[in-house]
Structure formats: structure tokens, C-alpha cells
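When the chains are written out, they are named A, B, C and D in that same order, and each has its own residue count from 1.
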């Protein structure tokens, strides 16, 4: 196997195969975090096959050590896949703790002292818990994975923590009850649990642990001696705060899930309150609310666009804008033969505008300074004098492009028929981009002039 | 009835009639969500007329299916009322789940097996719960209704959720207690409730449920066997978090109710603290606090105006401003013959200004650049030299209009006598608007000149 | 007395005398809110003198009705003291409810049916509770009083609410226990409280109420029958949320008390974290932290100044600035003979600047454009070439005033010796103000020239 | 010793030696706050050596009084070390309360009445508690210490408060139980604790205290008489709110610990949600997330830089920028002979820019207006026409410096190979700085011209 491993190519740290393996590591660590304290506290195993399960878990951790020599790592945003570098990096970081975590002390004890108590075997397995911090690194990595929902990962992680806190306190609580119960009264005796089977004992320990941490405190199980009292203090002091803190984090994750929705709802509430106070007539109120409703359903929060993307470097911003809006521009005849660079620059200049039904976009005879692209909705181009409808425009249409070329009066009015999302391109911006493309500049004027004469 | 339905015109999705029907659907769903788990857990009914009530509830759901073919729906902000489109839209969305939810399995069982247990009938009615998500859509729709207070709807919705969580946990808790009680000790036995009547049993189940979820945890009813322990864990783990989350939402709704008030109170606190630290004399402090007080009572938060309305498209903004301020402008003689368009443009340029008593608005002999409209309060025009009072102006008055026409020195000082709300129109803005109305521009100058000569 | 009242002058609504009276009204209302439910639930009185106490309380309320015809009210920020207007205003608002609240039904019952139970008398006094909302108006008024700390008033108000909620629930709890106890087992019987004296019974009722509302839930007193169970549900459902909400408000008030301090601490934490991450040398870190420390101790949050005052109308802003900074300016010889108006305008142009020790303010031979006023700290004027120290300046000093008159090179360097607070007046701003005071403009130049020649 | 003290030099208030002494004072105060109430409530001591411990604690407080005459204090940001001033300052502030706190009343009682009860001795030591507020001043001082982590100090302080609240309530609870137990039933009797030893009694008192304050409320120890009931009300009313408030502060401190991390995580969540909604292709999503990841790992939150430092006075800002970036500039040949002043001014003009791999920084033949300094990452200078790679640049490199001198076309394209952090210096900013250094201005041009000819 070793020779196979040495010939194995190094893996990308974000390859999908690795995710399954990482899930396995998390599972094994969870198994160890669960069984080791349980075994030490209850002097019992969770299954008769515990020895095979232990062996399997240990094997996975050992394979992981070999595997880690073949998994690339990130350095300054780059993947390092060179085996020597990987090996050196691993040796300098987790290698030693991983090897210590995998020392088969428990197997040795079990083989040479077959009658050793489970407590001793549990003790020998304690180094396995060194793998615990690795779980959080894995969770962190999953959170940043493009294909995973980071909220789900985070919820799972917090659930994992809460469960382990509960479990550890339950194990300690039983351990204290059991130890102090031999020389006096303990919570086990006072609840007649000292003769019950392990399952019931564990359930009652866990029950006390969760009842206390959630501050429900039924009070059917209470500390009976001084050591139990002191342990109870610590759990109440530290545990309750910790629990509340973790649950607070869960609440934050849930409320972030629809933070946008809540912010929108708050804003709508303010708008409604404002309009009620000023006694705006209901029909106008309805128009305003409908507008916000439309905005929410089709755009979530447009303002986010600019806020979020502004932080990105230019090259990434361009790629995103191009993906979203390039199609709109490529349909315009005057841009058809343009270089891709030109279109990219132009895309960055588009500004969104959302209009309610029956709103004027441009008016006949006014001087225009911008052109429009229709992303969604229907518009009507018509003559205000004669009332004649020239055309109805849909998604993908564009109009007013002559305004980009020279100052001319609009030849028609354009009115929205439904809610419309438009993109505006101002002459000013167009000219700025055109400056950098002199050979294209001439061509554009020529095409536009043809088009202009056609319409007349 | 079918032929009547086919001839029935399609309803607007926001018609008032529909709201009553939607309330009925919510009621029926609440009935089902309440009775079905209750019947299955307690093997009992809430009333002797349960069969008629069930039938009535089912009938309403069936009628709803027919009705839904006649209720328009919103698409991209437009109402679709065409019956073919409605029918197709409904078929593609909720039709199937609504039909399944209305399958009369329970009636069939009841008719063919009159002695079937209530548990079986309850099981047959489970598909009714498919209607549950529809309730939230209805709540969502009501929240956006102009005539409803969204906070009340939201409170009702959250109460609805909290009650159902409590009820379901109560039913499950009794079911577990009853099942495990047959082969051993359960919470029912240990509290001597296994022989009580159903009402008392239900009340105690509900009592345990709410005591645990609110983390009060009296501890008079506690789990007595392993299955009850495990169920208790789940309720404590999930239920408590969920409950806290819902109650947190209720708190948010309540505190949003007077969020404005609270923000104002906070600001006032800051101002007070600031003035105390700088040892501003009490009389001046009082002036400042009075000003804020006035602002609050008559304007809530003026700054909201601009913040909220800025997001709206121009056409809606204009409508709101016109509704609020047009009256003020229409009284000014020089604007009397103006086109509505001109007034609309002008309204958008008004800027509010609130002044405390005895504050100068304009001073004699200074060159003016703006005119004022009085919205509330009293002002005095007087000569500073002679002390002669020319006139006292009230709501609806305006002054300084000559400043819009040419740069002239003010012919009088104007001082506030009470708190005043004014709107300012700057010459700059006026000129910008006037540019678009050349024929009116000439007329304005003429009228103003007449007025100016009159006063001298 | 009536004739005295009719001749009594009307009181200012914010006169100090009134505050004592309002405190009395709050006390009486608190007395009524406490005793009426208590009497009805426990069929007992809190004191043997209850009849005299009731009478006194009623008398105060009756006097208040007469008094209210003589207390002015605020309308649009103005005090209305005209008796006719006051009378009309009072009749239209609280008069009717106040009269109903004072109907002496209980006295009539007591006089004609001396053996009537206390419960009946309690019932007759229920209208007294109509005065309850008035308390909140009084609290609101006190919160806005310049001489009171609004946080203290708010705390008192919230304490008042919490106590009454607790008390009312306690009374209801006893009432239910007592009523149901006559026909079966109630919480009183099961805790052997039905034979105890009223004090103990009340304390246990209150104890249950507060134990439940705070979610502590000891569980020594639990509901024993269906009516008690249902009442417990309601308390848990509504009461617990309400209680948490009120306590949340208390927490908000407390944390607002030193909101500034907390915000400062947060910012300091960020700065510290930032500097640690960049590994800024400790001595430089210390300089930065010292600076923030100084800022905090002597200025709290300077940025507040501008943020808060910007909202005020000009006239109030000027008054505050004048109070704070006028003294600094009046010492400058060139401003000594200026009109107050001029100084007021100038004060508005001052800009604060805070400097650490050993920082240069102006440097020799550079061209100056501003003058400085020293508010706190010490500075040294010296020659960089010869090292000669010209003068040490303290609070109240000023320098660089020649820069306001003509562009000249600085004749000396000025360096801070300690932390210093300066105010800067830029030539630009000075010129703008001077424009409006032509006659003063000439004088200023003259004085300055004399001073300039003196120093050379 | 007094003569030694009088010759002792005065200490700096922030010297490290003092911190140890302050820790001792905190310890002594904690000792007093713990033992005095304990002794009075339990009529017992925590140790047999209590008299020596008391003596030691008192001695330390007395030495502190003498020492305080030699510890400088801060005034307006300056350290005052003059002994007369220190003495006067101390006399005016804490001297009196410190002397009263150290009065050896308890020793006198113990010496003259050796059989006096511990309660009396406890009473005599109550003035020691006057030192309590001093602890908070010490904590405040430590929080602002450059070498300490303010979050740790704050946590310790809050833990200190919570522990003392718990302890004091426990002592009072026992005291009440013990006093009322002599004339009737108390919580001690009903739990069979009145005959237990002091340790067990204290543990149970503390147990009740913490169980109640955390709202867990097991209910195994409950009030048994009216005085206990009333004390329980007060603890529930005030204590629970106080406890929740303090724990809330702890939560705030913890969540501030990684506030930056959380803010980053939230932003990442928003970006992810945004991209999912717009259906951006996964590979582009990955690029964007990688960019944010890089930003976080190497820069935390760059935007903080400018936000935080903007508030600082110029001199401190310059020092920080110089420390961070001066090295980059000093390598550039054209700046080598510049005055330090010039470099300092230039450093303030640098603007950071972070780029993803394979992004163009400058392009051949375009006219450049800025130069670049490489802080991290690799870049390639190459010819776009021939594809020839001129050079690979690393951290510490710089390019485009000719653009600072005259408008010239770039002679090569520069592309990032990895993530890169650059600093940009614009010609505009450079020229502005150069204006103030005329003699250097000539030299710069000369050097640059040589360099320019070399490359060609």
C-alpha cells in the first residue's frame, strides 16, 4: 500500500472526493468524543462490537496520516501540489499531533491485559481527542465551499458542539454520582438509579444535563453531597452561559437565513406607518406597496448589487456584470461588431431602473441623453400627438440608441405597460468608453446614421 | 352549482370578499391542525358534533378548490384574470395537493366501518394538513394589504404557530405516556392522571408542554421511563430553541411597533446627556428639548420622508408629494394659471424647514434667494426700523415670492411667533423648472411685477 | 373653596409646584391599583384605616378635577393659559373619564350597607382605575423635564409596571385558588395555605407569580385543578413574554446609561486589535491609546457635537455655540469692539482640533491661512532657527490672527507641550462673515496692523 | 520605613512594578468582600489562620496608603510626578476613605474582648469594603494597558462581580434562614441543614443563590416563612435582572472577540446568497469567494485601516503609516536621497489595492498616471506583442515610477501571477508633495531620466 501511496498523485484540497473522506474523519472524531468519556464514566460500552468499531475508527485515522502527504494546501490564495512542499508543510503543522492521536495504546493494553477495565482502555484512547480541533477546520472549509449552504454547515457544527457539551456534562455527572455514591448518598441513590442498567443511568444523566443547561430545572434530580454541589455550580456558572451563547449563535444563523426578508419587511412597515400618518389615500398607498412587492419578488435587494460588488477588484466585477447583462447589449446592432473588450467596458456603465406600470420613460420632442435596454416587462412606443402606437417592446428590446450619437429630440414617447426593469446607458459614459476604441468609434456613427434614416 | 361556477366571473385576488373566505380557510386549517393530532393521541373528540364539524370543514376545502379556478393571480406585478390562464396556473401549483388534502378517506372509513377507532379516522384525515402551508401564504398576503395593520397580522401568525407547537407537543407527550403506561410506569401513572377524564389529561399534557417550552420547569410532571426521557430531550433541544426564536420574533414585532418612538427617545437621551455634560443653562436646554418635542409631535421623523421616498420611482414620488403639498402652492397667485405638470415639478423642489418661536426667517434689506410657504404656525412681517407690523401670516400663507423673479432686497423682516413649519423654494430650483415651461415663464414675471408694485 | 378656585390664576403646565401634585396623583393611582384587586381577591384590607385612606385618595382625585381647569396645556409648542380654552380643552379630553373615576359609589355602599363585603366595595371602586393611563402621561411629561434624569423616570415607570403585573397576577391566582378551593382541591389546600392569615396567603400568591414570570419555576406551588391549569397557561403564554419584554426594556435603559462609554470601549478594542495584528511597536500603541483616553476623558465623543446639533434650527445652534465658545473669541483684541451679531456668526465657523503633546501646530515661514484659539493645554511659540522660546500659551490664548487679514508667513513655530484642544478659524470663513459687516471690516484691519507692527 | 518612603522616588502610574501591587490590592479586596459577609452570616471563619490572614490583608492596605503618596497620576494626558502635587491630589481624592477603610477596629475588639463573636469582628471590618470601588478603577486602568488583552481583563472583572453577587446573596440567605429558624420553620430546618457543618451549609446557600439567579430553579430549597419569601422576591426582582445583565455583558465581550470574523462571515453569506440568486456559474462564484478568503486571511478588514486611523491627529497617523510602509518606499532609487519629511508625506498618499491572480495592473502603450509598490505576491512584466517576459516582480519591487515624472506610455504590460497586494502612488499626489520640496524636485527628475534611458 505504501508503494501505491508513493505513486499516488497529489489531490487538490477542494476536490469532491476529499469531502467524503473529511466527513468520515468528522464521524470518527464524533465517535471518539462520544465513546471515550462514556466508557470512562460508565465503565461500559455502547455496543458489543466496540473493539471492531474502535479498530475501524483507528484505521481511518492512520490512513488519513498517509493521505495527508498527498493533499495539496492553500498558500497565499494558490494551491501547492508539489509533494515535497506538502510533506514539509504537513510535518510542520499537524503531523506530530496526528501521530500521537493514533498511538494504539489501548490495543496494546487490551492485548496484554485482556482483563483491564474499560476505564483504563478509555484513558489510553484520550489522545484520540487531539483530532477534535481538526473537525472545526473541516467545518470552516465546508462553509467556504461554493456547493454547500454555509448556514446548514454552521447549524450542523453548532448542533455538534451542543450535543457534545451535553454528553460530557452527563458523563461527568454520572462519574461524580457513582464515585461519591460508594461512600455516601449521591444523586443516583436518592433517585434509586444506582441499580438500574447503564442505558437508563445514561439517559437520566443526560436528562439532568440538558434540564440544567436549558435552565428548565425540573428539580427531580438534585445534587446530594458537597462534590455534586460544587460540580453543579460549575455547570450553572460556565455551562449555562456557554449553552446560551451557542443557542444565541444558532438563532443568529436562523435569522440570517432570511435577514434580507426581515429587512424588507421592516422597511415596508416603516413605509406603511409613514403613509398612514400622512393619510395618503389608499389607492396611492397600494401603488407604493405594490411597487415594493414587485421589487422584492424580482430583485430582492437591488441596492445590494452595488454595495457588495463595489468591494471586488475590477476584473471580477467585470466578469459578474458580463455574465448578467452582456446578452442584453450584444443584440444592439450598433454594438454587434464591437470587440469583447468594448462590450465589457460598456456593461460596467449600465445603471438599473425599475418603473411601475404607466410611467413615462422618454417623452416625444425632449432632448435625450441616454439609451435604454429592457430586461423585463412591456413598453409601448407611441406618438403623443396622434396617439398612434409604433411598437410594443419586450425583454431584450432597446430604444433611444440615437441619443448616444448626437443630441436629437426623441421621435416618440415610451410608456411602461407593466412593471419594467430597464438598464440605462448615458451618452456621457458611452463617450468615455468610446474614447479608448477610436477605430470602432467611426463605425458606430455610420451604423447609427443608417438606422436613424430608416425610421424617419 | 358547477354550472353557476363556470359562469361566475373571475375575482380580483385582492378583493375584500376574498378576505372573508381566506379567514375561513385559515380557521378550517386551524381546526384540522388542532383536532387531528388530538383525536389520534387521546382517542377522543373535542365535541359530540365532531362528524358534522368535520364535514363542514371538508366542504369548505372542496368549495375552495372550485373557487380557486376563478381567483386571479399576480404575475410580474399584474393581475391575470383570464380564466384559462388562472386554470393552468392553479393546475401547475396547488391543485394536486389541494385535491389530495380533500380526499374523503375518513368519511369512507366511517361509513363502511362505523366502529373504527377515532385514531384510524384521525390517520385518514392527515392529508388535510397539506393545507397548512397555504395559511402562511394567506398571512403573507394579509400583511401586504393596505387596509390591515401588518403588525397585528404578524402577531396573530406567531401566536398561531406557538399555540400549535404547544398543542402538538402536548398530544405527543400524552400519546407516549399512554402507550408506555400500558407496559410500565409512565408520567400519567406517577401523577395519577391515567384514570382522569380526557379534559384533565389534555390540560396536564398542555401544562407540561408549556411549562417546559417556556423553561419554567416546575418539575411536578417529569419523564418516568426511557422513551419519555428521550422525548423530553428532543423537546428541550429543539422545542425550547424554536419557542425562544418565535417569542423573539414577537418581541421584535412589538418593539417595531414604536421603533420610531424609541429611536426618538434615544436621541433625546443623547441630546440631554450632551447638554448636561457641557453644562448648558437649563433655559437653553428647555428650548432644545421643546424643539425636539415639537418635532416629534407634529412630524414624527421628518428625515424619514426623504430616506424612504428616495427609493421610489419618480412617478410615485411625485404623486405623494403632490398629495401632501400641492394645496400650498396652488394658492400662490403667480402659480394660479400654471399647468398641473409645472406644479408637480415644483412640488418636488420644496424643502421643509421647522423653526422655533421668535426666530428670524428673512431680514429686511438682505438680498433674498428663496420664497416660503407656511404649513403650520404664525409669523409676523414687520419693519425692523419702525417696528411697524405689516401682517401676521398663518397656515396657507406664503411670502418672499419676488425673490424668485429677480434679486431684490427684502422689504420687511419676518419672524416666527410660534413653532412654524415652512417650505422653502429656492430661486435656483424655480429657474430650473421654469426652463421647461417657456410660455409660462413670461406670464409669471408679469404677474409678479404687478404684485411687487402694489406692495410699495 | 369653589370661589377661591374661580379666582385662582391658571398654572403653567411645567411649573415646579405641579410636579409635586402629579407625584401625588401617581401615588394615589398606585394605591388604587394595589388595593382594589387586593380587596376583591382577598376580601381583606391592607390596613385598619382603609376607609380614611380611601377617602383621602378620593379627595385628591376630586381636587385634581377642579385643579385641571386651571392648568395650561401645550398646543403646537405654545402654552395656552386662557381659562376658557383650558376649560374647553379639558372637557373635550379627560374630564368625563375623570368624573366617572371619582364617583363615590363605594362610599354610598358603605354608608347604606355597612355590612357589605369588601369585595362589593372593591367592585365599586373599579372606575378609579380609569386614572391609570394618566400616570403614563405624567411619566412621559417627567421624562421630558429638563431637571429630571429621563433614565431614572423610565426605570421607575418600568418598575411600576412590573410590580403591578406581579401583583395583579398574584391577586387573580389567590382568587382562583380560593374560589375553586370551596368545591375541591386547590393550590391553597395542597400547600396548607387555606387556613393561614392573609399576609402569608398574599406573600405565597406573589411568590408564585414572580417565580413563574421570571421562569425560575421552583415548582413548590403548582396548579391543582383545571381552572388553575388554564390560568397558568395564560400567565405563561402572555405574562412571561410581557415580563421578558419589560425587563428587556429595563436592560435597554441601563445599557443606554453608558452607551457612549460602551461605544468608546468597542472602538478602543478595535483599534487595539488592529494595532496588535499589524505589530505596531508598543510605544506607538501607547501613544495612540493615550490619545483616545484623553479624547474620552475631556470630550466624551466630539463627533456627537456636530451630529446632534446639525438637526437643530440655526437660532438654537447659535445659542449653544455662543454659550460654549463665545468667551474664547471675546478676548481677541481685534474682535473686542465687534457687534454681538458678528461674534455669533464667527462662533459658528470655529472648528475643534485636538492634538497630542509635541505636535506642531504652525511652522515658521510657512504661509498661514487660519488662526487658533486655545481651549485647553499648553503650547510654546518659538523660533526653529535660534531655538528661542517666545512665549508659552495657555487656555484662553490665541495666535496666528494675522493670517486672517493678509497672506503672511508665520513669524514663529508653535508646538504643543501637553494635550491641547484648539479651535481653528479659517481666513475663508472669516472673510465670508466679514462681508456682511462692512463697517467693522475696516476697523479690524487697522487694529491688526498695529498689533503686527508691535510684534516685529 | 517612613524615612525610606520619604526618600523613595515617585513611581510612574503605568510602571510594570505597580501592576503586581495593584493585583495584590484586588486580591485583598476580594478577600475582604468574601470573608466579611461570610463571617457575619455564618459566624465562622474560612480558615484557622484567619487572624494572620486578616492582619496581612490589613497591612497591605496600610502600605498602599503610604505608597500612594509616591505614585504619579495623570492630568490632562500628562504624568504628574511632583511629590507635593501627588500628595495634594491624593489628599483631595481617596486618602480619607482609604484611612477609614484601614481603621483596625477589629484588632482592637479582638485584643480587648478576646471572646467577642466573629459577627462583631466582621462588623468592625465592614469599612474595609470602602476599597471596593478602587478595584474597578484598577480594572479600568488594566483595560487600557497596551500589554494586556482588554477582553480578558473585562471577563475577569465580570466574573468577579457575578461571583460576589452570588456569594453575598448566599450569605444573606443563610443569615435569614438561621435567624428565622430560631423562632420557627426556616429553609434550613425543612432541608435538615440546621445541624450540618458550615461547609455544607455554605454550599447549599450558594447552591440556592446560583440556582435562583440563573432562573434554573430546581425548587428543592424554597422559602419557608414570610421573611424568606420577601427576600426571595427581592432576589428574583433585582438579582435575576442584574445577573442577566452581567451575563449579557459577558456575551457581548465574547462576541466582540471575533466581531470582525462574524462580520466577515455575514458578508460572505450575503455574497453567496446574492450569487446563488443570480445563478452565477460556480467557477466564477469560486473566484469571488477565494478573493474574499484571501482578503480575510491576509488583511482582516482593510477598510478598517482608513476608518479607524482617520480619527487620529495627523502626527500619530503619519507615525503609523511610516512604520507600516516606509520600508517599501525607501528602496526606490529616486527616493533614496530624500529627506525623511518627504518620505513621511509621501507615505500618507499611498493607496492599497488587492488583485486576484492573472489580473492586469498596467497595459502596454496606455498612458500611465501612477506608480506601484509590491507588498505581497508575484507579478510579471511582459510585452503583449512579442509575449516576451521582461521580469518577475516580488514583494519589495516597484514599477511604473516614470509615470510620476512625465506622461509617458507604459513600455510593458504587468500582470499578477498570484494574489497581490500593491500600493499605488498617483502622479497628482506625488506632485502635491513635491511642491513643498523644491530642491529635491530637480534631483528627482534627473535620476529618473537616467533610469528611463537605461531601460530603453
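A few points about this structure:
The definition used in the following text is that contacts are C-beta pairs under 8 Å (C-beta built on N, C-alpha and C of every residue); 3 or more make two chains touch, one makes a residue touch a chain.
For clarity, every value in this text was computed on a predicted model and none was experimentally measured.
It takes 90 degrees of rotation, in steps of 5, to superpose the Cα atoms of chain B onto those of chain C.
Counting the residue numbers that touch the partner chain, chain C and chain D have less than half of them in common. Interface repeat of A-B: among A-C, B-D or A-D, the matching pair is A-D, sharing over half of the residue-numbered contact pairs. Per-chain CA centroids place chain C at a distance of 30 Å from chain D. Separating the CA-averaged centres of chain B and chain D is a span of 42 Å.
Within chain C, contacts with two or more other chains are made by residues 215-219. Note for the complex: chain C touches chain A at residues 215, 217-219. By the touch criterion given at the top, residues 76-78, 143-144, 146-147, 150-151, 212, 215-219, 222-223, 226, 229-230, 232-233, 236-237, 240-241, 244-245, 248, 256, 259-260, 300, 304-305, 308, 312-316, 319-320, 323-324 of chain B touch chain A in their complex. Those residues of chain B whose C-beta lies close enough to touch chain C in the complex are 162, 199-200, 203-204, 206-207, 210-211, 214-220, 247, 250-251, 254-255, 265-274, 277-278, 280-282, 284-291, 293-294, 298, 353-357, 359-360, 376-377, 418-419.
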